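Dropping the structures in below, format is structure tokens.
Each of the next two complexes has chain A plus one other chain: chain B in the first, chain C in the second.
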Partner chain A sequence: MKRIRISRCGTQLLAPSAPRRPFCPCTASLQQTCTPHNHRIQRRLQTTAAAFNAADTEELLPPTETVQSIEQQQQPQKQPRRPRKLSLESLPSPHPLRARESVKLAALRSRLSLPQHFPLPTLARTLVHPSADPDPAFNNASLAMLGSNILSYYLSEHLICNYPRLPMAIIFAAHDAYIGPKALATIAGEWGIEAAAEPGGEVDPGLLQFRRLNAGDPLPAELRRRTPHNWNVTTTHRILRSDEFGSAYSGPSSPQQLARKPIPVEEAAQSFVRALVGSLHLHLGRPTTKRFFRDHFLSRHLDLSTLFDFRTPTRDLSRLCAREGFEPPVARLISETGRASRHPVFVVGVYSGRDKLGEGAGSSLDEARFRAAAAALKSWCLYKPLDVTVPSEMEGVEEGDAAGAAARRWRPNMVDCGEVVV
Partner chain B sequence: MSSRSRTVARSTRSNTLQNGVGAFILQCKRLEFHYCDWAGSSRGMNAFIKSYLPRFAKNHPQIEIVVSPKPRQHPVIVGHFINGKQREVCVKNMKPEGVREQVELLRDASGEKLKRTTKPVTSINESVRGIWSPFHGAKVQI
Partner chain C sequence: MLPRWRGFAKLHARQGHQPINFTRKYIIPSPPKLSPHPKQPQHPPSNPTAKTKPPTVMRPNTQPLLLRRLPQQHRISLLPVTQTRHESSTRRHTKLLRIPESPSYTPSGASPSLIFNPPSAAPNVYHTPLKFLPRDDERRKLYEVALTYATTTAHRRQTSPIAAPGTPLSAPSHLPPKPSTSLPPAVRAPYEKKYHLTEADIEEIRRLRAEDPEHWTRVRLAEKFGCSQFFVGMVAKNAEKAERVAAEHQKARERWGARRRMAREDRARRKVLWGRDA
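Right after this comes the complex of A and B.
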């Protein structure tokens, strides 16, 4: 699982208010006010600081008259230099100013119930994948990175606080089911996102912009599954070194690595969802982002009990009872029918002393016993405390803002001593 | 957990959308109105576009609305839905009220094919009472 990063480190990712401002050469050093805490944040800062080059952006001026008038207002002292008229097709992605006229973007903003002051150019930027526009100032790479951290932060605190006894493997699987690549691509589809056939400046900014991978072509090297360094990947290794899904094959460390490379649709769709969450965090703040996460991600239906797959449930259960100081589990036959027939049914309960831990039905005595032990283990692992305070509810208390005033008092959560090691 | 642990997760499970439980997303994403300026069958449609459509568009900002002429043809409304399907409705010779009814029908549609529902409840959640079991409960003496 990824380490939780500091929550408010992304302000430098906000889109500049006017995208064609003349740039001060010392801006980059001034922007780095927060100390980079680990190598990923350092890398992110580098990505965003190297964003603009005034000479490059000058060439990208669209031939619209409005843009030119804005330019003239903002650069009165510059010597009159006629901007070269470039066609829209020469831009790698739609111009940010065109986002305000896009019907698709406005409809998307309303469909997701985002407030009207959420800027459309930012929404348009979240739809531009680095494979379409390699310029980090105009693509969603940085926003997607921030968004993926926020998503995994909110989901992991929800899972760990609400289900304190979940084994690590199940937490990884639940992450994959809620915010994994496939889930995010599905979510983007259910939001009504359409992909552009080919990215470009003339395309409607409400379409997903990325370079398509042609059918039959091999995946780019960054997305291909690689052989892990060590085949014996332990859970500790997965927690410390791997991503939030515990996958042995880690994908590209930054979406920027996919610049100008053809990618599948799912890759672009998931980066859009992540970037949208990141931009919501930057523009609308934490409470709105949390509400958005609750409404669009946590509200989806996932039965956690279907994620379990026990190999030796009876042995696990007896080890668990020994650890917790319960009496050793005993399987007893509750009822049966048709023992000599073709379809016998046995109902077996697992008892510890006088307490029934679980019950299962099967067509043989052993099958019923295993099912009963698995049911007992599931009911132990899926224990859910009644009153839970997740850490992000307490954010803003020390700052004394409005959200902090409404925040509840911190009640320590239950921490389990861990899963059974057999 | 050591690498020899016996609790493993199943390979991939996906979660399912419960539209309206958290956020509600209107399934109709785009409505296209095709009209003809000349033909008489478009009279109701043209009146609808002039009088009702601005208010409808204002009340439903989540629907993208496209109005385009289609000369010498009957007027058509095309609804595009989130699941990728589209549905066309011909509104020839209709009064503006009738056109409005058709538009609202498209707005409320889910885009799925029309199906006959025979069961009173369709749910992805487990039933609260559970499946009836002959092995449990009070024994009935005959």
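Right after this comes the complex of A and C.
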């Protein structure tokens, strides 16, 4: 039996649909000039923010005139040339002066609670990845390097001063969780950053500009995971030679190496977040940057106790007690239920002398003992001093510009003798 | 339900008993006949004209009196077994329930104080134990005060030694034991490391192990020299036997069926989680 679609039943009652309009006024002219099967050009059309007339284009590009005026000053005897007609599409990224009119950029600045004197062209520049615009004067490579250093500085001083006994592997993992590539890409997404399908001069400057990696294409060689030169990568090597995440393989040393290469979205998003922190540091100073870091990065909840992975906690704990001069740890059965049943529960505590170091519950005596030793080791590693003065709090004291810093006296932080080596 | 009842009534009827009428719960007793008191002197009618008047008789209330009647229980009782409370059982139960209240509920002074009695849960790993605190940490003093308080409370509420567990006076109950100052029992018997083996002993272990690895296993050597099997394996390694035993184990593992293999793999996976979560 032939079926009638329900959606069609009421169609005759509706008004006749309007003729389909092109969503961009310049679509028609572009479609005449280019081949319709070139998906790259079609994507360019998707990114276009607003219509521009050819006459407006010249007015929108005063720098060309200013550059020429400088040239005129340098060479006054030459005849002034007519300003060249630059089409928007010929620029690799949006012009900085167009940032003032961008609604998206102003909205982003308000959303991040940045002050009004933070310049919008700088905010627009943080959104341009080197893969879109290889010119280092217009992309965010330098800002991203600065921001990356600032982020890892603030985070590492927070972790090391607040948790002086954390093992190095946990510090690396915490760095990855707070300011790692995935975390930064997530933060950019939460800030409402949208990616342009294709970078270009006509694109709204509030969109993330980068050359997109097509689905299924291989990563560029700079981003590919290379096997380490020496497979036996020690912690010392990771501290000295590797980045702040302790990754065994080395990524691109500078974002500028990714110029004109297609990259995944996450790479561009994390470079934006880093560049934003760098530009905040340059334009608004240290206190604002630190507050921004506290509000947007440290406020993210990370349970450090979930990062541990112990293999032989009982042996590690006995080595730790021997090193610190405590009595050797003894596992004691605190309570139990259902020993002869299918699901028994044992609660075992690890005692050193009369002090309980940790407690764990498990369905076998071994499991409970193991868990109790792991809990004791965690409570050793996660010790947090009561009064902590991070080094960046004392910045500006010698300059005398911070009144609050003078009131705060430097108290040396606790430095632990290091992790237990078994 | 109904046929069973009917059959039951039949059973009674066949045995010659009066069938129990379960539906009739209330019976109306016939009102007692009250006659004027026989000894009451009959007043002679003072007035002969009053002969026509009937004599005044005291009559009780004619409203039918409702009495509850239990069904007759000859042989089979359908009633539930009634609970009887004697003085001894009541006292035993109330004594069992008389638990000492939590030390946090017993204020030290007359002034109102904060009551902190959190539910029992796994201890937080962010609470550093007293032993792990550095010497100059201010929390040491707080912990020591709390420890002193808890110890004195435990001493005050300790079970008296004549009623301690293991003595005849200790009442076995399902209730948690009263707090005591003694440490809980160790899971495994604690031992001291003896370090008693000399170089010559170790040489002897190696010689025996190399001589006849089939007889002088790790277990036998550990028993003979009074050390742990781990130490024997550390001192006298036998690579050939280890390989052979590993091959045997692998062969046995290959004969496992699907269910056993899956169970063993799951067990190994769970064991990895022991050191990771919690």
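One rule holds in what follows: the second predicted complex is superposed on the first by the 338 of 422 C-alpha atoms of A that agree within 3 Å, B and C clash if a C-alpha of one lies under 4 Å from a C-alpha of the other, contacts with A are read in each partner's own complex, and residues count from 1 in each chain.
Here, a contact is a pair of C-beta atoms (placed from the backbone, for glycine too) under 8 Å apart; a residue touches a chain by one contact, two chains touch by 3 or more.
As the structure is a prediction and not an experimental result, all values here were calculated from the model.
Engineer: Mind working out whether A:Leu219 is in touch with chain B, chain C, both or neither, as first, second, both or neither?
Structural biologist: A:Leu219 contacts neither chain B nor chain C.
Engineer: When the two structures are overlaid on chain A, which partner does A:Phe308 contact: first (chain B), second (chain C), both, or neither?
Structural biologist: A:Phe308 contacts both chain B and chain C.
Engineer: So, does A:Glu367 touch the first partner chain B, the second partner chain C, both, or neither?
Structural biologist: second
Engineer: Which partner chains sit in contact with A:Asp355 here, chain B, chain C, both or neither? Use first/second/both/neither.
Structural biologist: In the superposition, A:Asp355 contacts chain C only.
Engineer: Now for A:Val390: first (chain B), second (chain C), both, or neither, which partner does it touch?
Structural biologist: neither
Engineer: Between chain B and chain C, which one contacts more residues of chain A in the superposed model?
Structural biologist: Greater contact footprint in residues on chain A: B.
Engineer: I'd like to know which partner A:Ala107 touches here: chain B for first, chain C for second, both or neither.
Structural biologist: A:Ala107 sits against chain B, while chain C stays out of touch.
Engineer: Figure out whether A:Ile334 sits in contact with chain B (first) or chain C (second), or with both, or with neither.
Structural biologist: Once the two structures are laid over each other on A, A:Ile334 reaches both partners.
Engineer: Go through the superposed model and pick first if A:Trp191 touches only chain B, second if only chain C, both, or neither.
Structural biologist: Touch partner of A:Trp191: chain B, not chain C.
Engineer: So chain A touches chain B in one structure and chain C in the other; where do those two contact lists coincide?
Structural biologist: 306, 308-311, 334, 361
Engineer: Which of the residues in chain A come into contact with chain C in the complex?
Structural biologist: The contact residues of chain A facing chain C are 305-306, 308-311, 313, 326, 330-334, 348-349, 351-362, 365, 367, 369-371, 374-376, 378-380, 382-386, 414.
Engineer: Over in the complex, which chain A residues touch chain B? Could you list them?
Structural biologist: The touching residues are 103-104, 106-107, 110-113, 167-170, 172-173, 176-178, 182-183, 186, 189-192, 232-235, 294-296, 298-302, 306-312, 315-316, 334-335, 337, 345, 347, 361, 377, 419-422.
Engineer: Can you name the residues of chain C that touch chain A in the complex?
Structural biologist: By the definition above, chain C touches chain A via 122-123, 125-134, 137-139, 183-188, 190, 271, 274-278.
Engineer: Quick check on the complex: what are the chain B residues that touch chain A?
Structural biologist: 1-10, 12-18, 21-23, 25-26, 29-30, 61-66, 82, 124-125, 133-136
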